[in-house]
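Common to both upcoming complexes is subunit A, partnered first by subunit B, then by subunit C.
This part shows the complex of A and B:
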């Protein structure tokens, strides 16, 4: 991969042929001609779609490789052996958190103890508000009657997150020490980050058995990349003087790493921890698709049977957990050590630890006397599932709401979305590849153009072209709609400090929600329809769009807006000729993230029912068809990568042109 | 090299670039800094030969990018040199194994850094004790020693503070304490006061002189501030483009700048404050009457120089007359200052 791209780089610099724009234009014209020919039924069928017979059997080849690695190389034996260890760990956490009948047979820990300890940790990290949030989250979970499923989820999380942390930090250190490892790892990581999560799930199931072990493995692998990146970044940023001070203090290599580098990279490493936790939570919920019990599985079941009230409650629990974990780990990032005056007694120095231990055992004892403090029974919780259900259904039955959703369904779907989809499907394969190549060439450059052509040609060769196009259609329409709604919103918010901050807070919080919960409002409003799919992608993708637009507009240098004011520009003139052009590179990053999010969400939305790659991917989960699973996953990843590299390159070039650093 | 030479470096080169060793080997003699740069290499240190004697304070002065920090890092082998030899107490440091190098740093060398280089997650005491911890001293011993040094630099009562809770001057005191914790023979200071504001800088220089009077270490001190150099140095080495332009006592540098570059630095300097009577004394004619102290600056002798009628004034060091000072010459130095 590295060789390939460097070669292309060289050729890009060497040739001074026709300009990029001209070539892109020629491609577009060619594409139009091809499409026109197709409409006039003059195009040979082989040029419209690749004939079945010419599709190489990638899936079969991959299967052969997998089987070779799995059985002949004995990888399965190794992973099954690892499974045992993992199973043991998960059994232990399962016992402690929800009373699984396994070693050490101590659990379950009373919910009151966990809530109290969470509160103390929250107080230590972020004062009373954090304490209330942490303790409140766990109390809510218990009272609403979801303690057991939440703990099933947590029991996997507390194994997967530390595992991902350890593996990530180790690989990060190696990549930092050995530049060639770094170079080898970078492209793999960018593919891993665009690979749809279903692609993580099936190998996990095959190699690590269905259930919690596979869930834990998929979750761990999914959360590793950012930890590697943050570790490397943090270690590279350590000030050379601190390192020299360490060297002059006579550190050995190991001492230097342990006492100088790692503590100095604390901030980045902890940001990595935050990301690991959040990704783990997002993923562990999704492992419901491979039969992992817990919050995700329950949510899946409730949504499947259209029990909206209960779905909503579970959604709230997941969101609360996400917000708590995010806020606490972020507070940890900025937490600075405080000094104590000389002679402070031990218990005062370690007040929080003492308090946590005391409260923990206090509630353990309380639970012996009052069973409600241990677990809440089925009839004792405050779940309002039925009532909420009726409320939501009542709301949806209000004529105005009904009319609106119906209108959206009818108009948007029938008049806009379906014609657009059919149009995309009607474009001959080579024409669409040409169009995408032209897009990448025009915005990115020669290298991006060539890679886009290669990537989409592979998609065509994979034999999943139509489904890929439908995936693309969902992404494009959702992101476009998100832009139509999100951009004005962001522009208005960016006008004042107060609204910017509020909006950014909303975005920050929304971004921590595991993607799964975005399905809930979509299904609530639009039921099981195409619109629900688009809607769930739309709200998910809108978050980065709004956020980066606000940030882009807010970081336009003050002198420039002042200069515009002094030149007598109206608000609109200022916006369109000063602020937006300068904010565009940052907004492009937001667009890019929105597209990446959309590719992620569109696969999850397969649950609602789509006809795209996600649907096929989900189907493979039921079997052992790993070759097909990978081909599908790589199709999604390649499409996402095309946009990623093109937009990021454009944003970078643009930034440099504008002299914004 | 005399027995009392602590650091001796001969024809030291430090070249940065893709393959500096082979470049240096085939580089033509007398290649200038710019010519080397045109070849895609940077000469950090260019053919430097310098000796530092025991108990001496050598100040290396130069503007940023002149190679002074690079040179001091070669002395402690934080940088591997490209050519030449560096001997510390008679031992070629380039031949040391990693283990021996660590031993050398753990026992003989201390270094203070411009931006302090403190570990943010450790308290003052733990920062100071860090080198002791690295060499595996036990907890009580290193705590006792660290407390001692913290007291020496005047940070008593702040042992439990974290670096970010201290002012810049205090942070540098921690840096100084840390470098002294192992009782080094050789003390490197890389622009230790440059990051501090002028008032604090002055205070820290006084503090530093007090410590030096107390400890009498062999010191290599880096600065870009000529005044600071004059104030502290026994000898000053002025660097430009990686090479040493002149290495001499402050008096000699002020009186006889070797190059145009050095002369530019001395232009703005009040020479009367720098030049000592001892330097002006010549043995040919001792003069008559009461001698003046060789350690007095011309500035300090101003009143006497103006009022005294003698042409030649005797100069004495520790009670012994070492020569005579031409009053007219001394007056010239005094009056040159505007």
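This part shows the complex of A and C:
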């Protein structure tokens, strides 16, 4: 059995020849030599770090370009004009959802009406369970006293998500029709997807005014890329027979798109919608940094006044909203359009709509009579903030917890993490670039190697090398620790259906829980140290690792495991020689996602106190340093992209050699 | 709340002639709120005062440093809390660029410096003197700092020069920078459970004084030029060898266009002045009594009519 993996290894590399491996090895040796020279202090300083004087002033150039585009080309005037329109839309939704005093002056809609309508939609999409989840979420929000802030968030979400959908699907269709657009868009989208969100925020404020408008714009832009990708993907997969049928029935171009292509690509498009909604929700919370009111702003204020319990409750609301929207949009993906016999009365065909409208107005009327059905005030809700506070503080004060965290601080932090960081910082810049290039070359290929070298050279040229290395250090440490903890967990959970399900639910929750709620407990456990930073990244990075490992192990073809059983393999042999090697390509995708998540979270972790790029990025938010903000963002994006393309290429190659697709 | 609505109506009716005469624009006055309670409540208090004289008001949540740029552009109309220490630099930069101006000081004074919660005194009885603090530096040691004490400074971008002061006064302390105010509170909160001694960066007026009673460390008193001239202060060769000023200003700032667009409201703004106890009271309503900011503001206005009615001239 053990031979299976080694054979695959040989065949995987047979095609590319030994040269790639050799070159990678030479690079590593070169890097070691350079580092050794540095340790013997024989290396000239200019080779250790790029001298200040050689750093091109990218930030100043970019600022000049921005200013030219903004003022001289009049882009600011255009965006400010767009802002007016957006403001009008946001005012309207704001009025309906939380009673902002603007046109159409009808709102706020009573919470009971919204909960009832959500319930009906839930029932239509996924039966009673979904109905309970949807109505329950909104009821919880009202009862816990967060209705108004939740609606402030929703008022932006209901504008940003459709906007992202429309822009995304349009660009997706164009990219599908015109291959050159597709080629031009792909790299831009990759960068957009790895760019830290702080980099979206500042331009949004400058061009679209501080407040909800900037929040809506940043959210929209953040959510567009997956919509474009899924649309293009879906349209490309439409089978030629269907198109042929469309052509034969004499469709015009537009009809072909509207009635043949789009319906056939329905599943992919709806998956894109799901992604849009989830990204919007994630981003809309983070836009609190640029003055978006709502759940995120409240969360920041609560954390600023050290109210753990109530920030936790807001976290729960966000998770519930996210899970509800996620499940509902996924149910929509699965649900096939209903068809009725000719002559079915209108109300029967639109039963759900009728029911929703009736319930909506019923509760509007109820709210006129019973004020509690309209709004719940602060005094009538069931917030348990204080009690939760004490619970959390009590937990942190248990002797065993304190002893563990002290041990972790004294051992992991002082003995492992800090030396590792110092080691990374002690490697000369060219040596580290060589090492990364070797890594990309070995796992990915020539193209990946060259791009890795170019990307990291740019990071070196940007003048933010040390901070980039510290960012990299946090990411590597967190992902390694996440793998050490997460992989065994996932392997154990993957053995039964029930535990897989439970574990995946935990993953969903951990992923949608607003990441900055983790920060405070992390600090209270570990103080303001590297380990607190890495702990908070770790929780987030573990999610995809666990998820994809479970998925990978559970999709191993049954014939393979049966063959192993028949060959008399023990459980361990089966795991290590059959299941894990076959699951590895899927696990690599999870690993890649973990790294992407870690790059995302490391920027937020600047709130604990780090010396990395995140801290500098956070600092730029307070000013108007658009150039610097962009350079920093690009540094993060380039590092993340290097890992992304290398690991994805490897996973693809591996899949091909294993014959899995 | 109902009672207050009535009060507003009464206020509006009472001042109708005045409002009509002054002809303030009906566009909303945009008031920024940040992420600390006293500022949020104070902004709501001022907002409700403006509403009581017939203005429309809107609140936006903004970053406390970026807000000055927004005021300059007129996106935001005013700022109620300009701290000398924390925002002085951003405020002055915006002032030089033009578009906003100083709308007068509050009575309140601000102070920012090294601070410790009261329980720390048990472990280091000589406090608040800085020499005593230095003598018991070992009490403040953490797993990472070795035998030296650990001082938790504010975020690097607040530019508090903790590092420089430790060097200038030759103290046995390691300076660690927190990433945010929330991180500072988390550290104090974690220390509270077992009364572990800590020394951190803190400021007044602040909600933290109500939650954790404490004192500032007394450094050599601030003298003008301490940050520019090495000769000033006890160490003749170093900058930053004295404490921060113990009575920094707390200002209001206004957009230049406010005066013409909302003359009546502007007139009120220049008269407004809060004291330290009043600010602490506002923060307490939210942080300890768990009120929502709007409710807290309404409650405060109801409880202190003699304070604010003088400003509106009613």
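Note that the second predicted complex is superposed on the first by the 606 of 661 C-alpha atoms of A that agree within 3 Å, B and C clash if a C-alpha of one lies under 4 Å from a C-alpha of the other, contacts with A are read in each partner's own complex, and residues count from 1 in each chain.
In this section, contacts are C-beta pairs under 8 Å (C-beta built on N, C-alpha and C of every residue); 3 or more make two chains touch, one makes a residue touch a chain.
Keep in mind it's a predicted model, so treat the numbers as computed, not measured.
On the shared subunit subunit A, the superposed partners subunit B and subunit C are arranged side by side without overlap. Of the two partner chains, neither subunit B nor subunit C is touched by A:496.
Between the Cα centres of subunit B and subunit C, as seen from that of subunit A, there is an angle of 150°, stated in steps of 10. When both complexes are overlaid on chain A, the residue A:404 reaches neither subunit B nor subunit C. With both structures placed on the common chain, the touch criterion links A:339 to subunit B but leaves subunit C unconnected. In the superposition on chain A, A:555 makes contact with neither subunit B nor subunit C.
By the touch criterion stated above, A:415 is placed in contact with neither subunit B nor subunit C. In the overlay built on the shared chain, the residue A:610 is in contact with subunit C alone; subunit B does not reach it.
In the superposition on chain A, contact of A:260 is made with subunit B only, not with subunit C.
The partner that reaches more residues of subunit A, of the two candidates subunit B and subunit C, is C.
Looking at the shared chain after the overlay, A:577 reaches neither subunit B nor subunit C. Smallest inter-chain Cα distance, subunit B versus subunit C, after superposition on the shared chain: 46 Å.
The part of subunit B that touches subunit A in the complex is made up of residues 73, 76, 78, 102-103, 105-107, 109-111, 113-123, 130-131, 133-135, 159-162, 164-165, 175, 178-179, 182, 188. Put simply, subunit C touches subunit A in their complex at residues 1, 32, 35-37, 40, 56, 59-67, 69-70, 75-76, 90, 142-144, 152, 155-157, 176-183, 185-190, 192-194, 207-208, 211, 286-287, 290-292, 295.
Residues 101, 205, 209-211, 288-293, 297, 300-301, 303-308, 377-378, 385-386, 393, 396-397, 402, 406, 409-410, 413-414, 418, 519-520, 523-525, 527-529, 605-610, 615, 618-619, 621-624 of subunit A are the ones that touch subunit C when the two sit in their complex. Listing the residues of subunit A that touch subunit B in their complex gives 239, 241-242, 244-252, 255, 259-260, 263-264, 266, 336-342.
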